[in-house]
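One chain, subunit A, links the two complexes that follow: it is found with subunit B in the first and with subunit C in the second.
So, the complex of A and B:
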């Protein structure tokens, strides 16, 4: 696995050109995105548009959570719908058995959904994390399907393929989406903050070192199993919350939509398009693709053309920006910066002298 | 007796699952890529046979003479246009690329054939052969014979021909294979062609034995990946053993317990086996670690 966004400590950056935009730009950008997300439902009150917003928030929570494990550890999970489904069923079963009122009371169950997903992720992860690479990828899918089949078969709990119905909140139609949107946004902010903390902490460094070379990381004294397991449970927590938000929003839970193979791939795709293993990647990928996908769906959904459009678009993105949007932007920024520095430090060459050898060296150092 | 019947059914159906999974495992072994589109390509093969049968009245088995070369061409085209340009993170990028290709193909199939379930109804679909108290649907017998023939052909290609030797060399060590003058690009392209061609053959049988639509691909790909993992990535005989094992387990559990638990049991067996042998039943130990 190539490191994408890690600032190499030893490698001398040519002329100390930073690998990231300055803090002011990053903070300003983050604040701008956050403000835009907060005022979004106030500007567009059309329920069709705000429901796209709710789906974006659900996927944003899931993508940030997924990235904490798969992005930072390099273990690609295509089975996190397992926790999406667990989150959905947790909320549905608690609402139905404890007779929780629909609406705001249901949202108090979200942390429970996350916690149950995380607790179940520990034994599952312990088994899964014994294998690596492709086998790990496929095993995650297998576990997801085991859970899906259990949801189909344990009919006394889950009502099998009949699914569970959740009561809808009694909010009026024009205000229905907004609470889901803001709760989703809050959960997404928490997920991003946790992701940021992991990225900056010593624990996160251990996780990143596992991505770069697991055997060597172990040799350096990192408790690899424990490190991976914590990240796995952490990401399951957020994906569980995403599921817990989805179930009351659509008002029903079915095995094939809870433990949904499409969800698995969708989340991986979002993060990959944005830039896997980066902090901003999941956010960029989700805010770019989910609205687009929903737009395609609304526009061409009748003739199934949206799948073709989405597939072609996805191929194009993979071809044009193989590392993802976020790394491409940082690289572009850095290239501009390096070029500008080179031009600034270059003394105007006296006519007749050949190009200094130092120049060639410096150019080699640029990415 | 029911159990015996279930076991024999499992072996017969396992034969054609081995066709589809064999394509997947070969492609992985040579190119290190997971062909996530194999499921939808199988369905594409089924639709091609369906179209040939319903519009031109060509028998599906005869139609393979058309569909396999067509799908072979599809595989080669996909290799040169999609897989070859991938420079880094090959494993996950190729998986995502194939997923994207699969999504587009699914959309196209949905558009052309709509999402109504179809099935290929030839005259022999409902016929069966009786042997004592055992009953075999004759379509399963035909399919099994065809699968054995095709897999035998692939074996011959792999172990008795010059191309097979270059293919196995590329599998073992791509760099060294290039050094001794093997054009690994063409080997990879042909391998993907063969893999997709096998999907055409498997798809034909799938279309004869199931009603299907484009969305059937998700169930298929998860089963195929499970088979390939259980057998060991890159091992053709592993794919055969694992497919038969999977179908036998499923059928036997369906008889002695309940049909709903068949597939769950298989996945649980898969997880248990991998705990003991992470490389699968017949897989090589991963020497190309990391």
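So, the complex of A and C:
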């Protein structure tokens, strides 16, 4: 038990060491990543490379969206493929029934795919969010499989296991990937902006308080059910858009690739590796892992060796950086800062005086 | 005038009867103490009042409004804030963010806005200053010592300006210097019109601070009155001696 001052601490207070890099560094980094992503297809025009870019953008939208709910609220969903599938089937069915032209016209359906996913997420979320923790995780998976089963069996709509074929746009092979890439990038930017806004709004603070202690948050006037449900629908919206982009890109929709358990795990893994609950985590995780995964697939795809290589990489990252890449970077930055300040303040301080009292206390209790 | 009134509250968990028809009245503007041996139902009563537990029977009236079995967020909105025996703070948020959670605003537009505005920060810093946690404003709350967490919990109830604050063992695990500071702060807020109900085992603290002390025993109200009167009441001593001898020295 540490004795602490009761009187307000004034001028003598030790200088606070920030937990985040300064705003200029963060803004500069964001701008740099954005510019690199914009010029990427101009530098690498090989379709094999740009298709990796398209998959990265699809997963980037999904990961940012998933993080808005699971990252901020702490409710881990391993069933968001439900909305990936809904997005895919929405676009496919609308294209086929409304005879939407392949190409640019198809992209106008993306907001519809997102909206339908979000609307369906409200009743599903309302039921799921009555339970917490492990039960919640298992139920999200169950719902995803129920929807997959429906997709298999509602054959008049979905053509069951036969799947649905979408017409391909008549773009040339060298140009084909670029519209998908840039639309994906735009959607990813929107997802990131929404995520950023949630993180700094009062609403988002309510979500974060639910992550730490839901009952306590409720006792402080947070309407927890509503708060969680909004985030759930918001994340379903972006995952639905990711699905809506995927379907016309690969030109087909199947129950097992729409309501895809691998997608569930992939999105969660991307965010965990990048840093769950952080703004940059999903971006870092996706841009690090999806290109690597695709590269491994191209290199060792024949014998599924790529999955082993990918698994090894995943274990290594989790072993070395348990909190994810983004928190590890900020921690490293902070450690350097603290060390530098200690060195600067050492000579004048009398021996035995701790240089930063706040620091020692903090480390004890921080998991 | 009474601000909070509970009547005939009953609550059991399986075979354990935690509250057996508890009836009690707390006066507006007073610092009320609530004491009783371990297991006499004090915390359960707090849980029922603040909406964390559903009562089997009985009624809770806050400022003339029936809030029996209202949800915790509704009770909070009605102007009642509480702290917990074991502190419950938001460990991964900073101290300042913790305060802002409690200072949530109603209305759609205000939810969209950032909480990082200068005015809001100013107000939160004043409250932190009041409890002496200013220099820890940007530290994660999980890193605070237990005593500091108690103060933080007190601060984030305070920022919402409830008309009545329920404190569950505010003195537990808090050092004597800090405790005097806490008592001062309770008196200051009380002078501004906040009513307090304090559950506490530290009899020194209760007897010096409270205007009125209620005693609970076996899930119901045993007696109540000014501290001196309660202190010398043979029935109170009997209750402590009869059920839990560990509390003897605290009373005598």
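Note that the second predicted complex is superposed on the first by the 333 of 367 C-alpha atoms of A that agree within 3 Å, B and C clash if a C-alpha of one lies under 4 Å from a C-alpha of the other, contacts with A are read in each partner's own complex, and residues count from 1 in each chain.
Assume a contact is a pair of C-beta atoms (placed from the backbone, for glycine too) under 8 Å apart; a residue touches a chain by one contact, two chains touch by 3 or more.
Quick caveat, the model's predicted, so the values are computed rather than measured.
Once the two complexes are overlaid on the shared chain, A:311 sits against subunit B while remaining clear of subunit C. Applying the stated contact rule after C-alpha superposition, one finds that A:209 touches subunit C and leaves subunit B untouched.
Looking at the shared chain after the overlay, A:217 reaches subunit C, while subunit B stays out of its contact range. Applying the stated contact rule after C-alpha superposition, one finds that A:200 touches subunit C and leaves subunit B untouched. When the two structures are aligned on the shared chain, A:28 is found in touch with neither subunit B nor subunit C.
Within the superposed three-chain model, A:123 lies out of touch with both subunit B and subunit C [touch as defined at top].
Once the two complexes are overlaid on chain A, the subunit A residues touched by subunit B in the first and by subunit C in the second are 1-2, 213, 215. By the touch criterion given at the top, residues 1-2, 76, 127, 130-135, 137-139, 141-143, 145-146, 149-150, 152-153, 213-215, 261-262, 265, 268-269, 272, 303-312, 314-315, 318-319, 322-323 of subunit A touch subunit B in their complex.
Those residues of subunit B whose C-beta lies close enough to touch subunit A in the complex are 28, 34, 82, 85-89, 91-93, 95-97, 99-108, 110-111, 115, 218, 222, 225-226, 228-229, 233, 260-261, 263-264, 267-268, 270-271, 274-275, 278-280, 286, 289-290. Residues of subunit A touching subunit C in their complex: 1-9, 13-14, 16, 18-19, 197, 200-203, 205-206, 208-209, 211-213, 215-224, 358, 361-367. On the subunit C side of its complex with subunit A, the touching residues are 50-52, 71-73, 75-77, 81-82, 84, 88-93, 97, 100-102, 104-105, 110-116, 129-130, 132, 134-140, 142-148, 156-157, 160, 173, 175, 177-178, 180-181.
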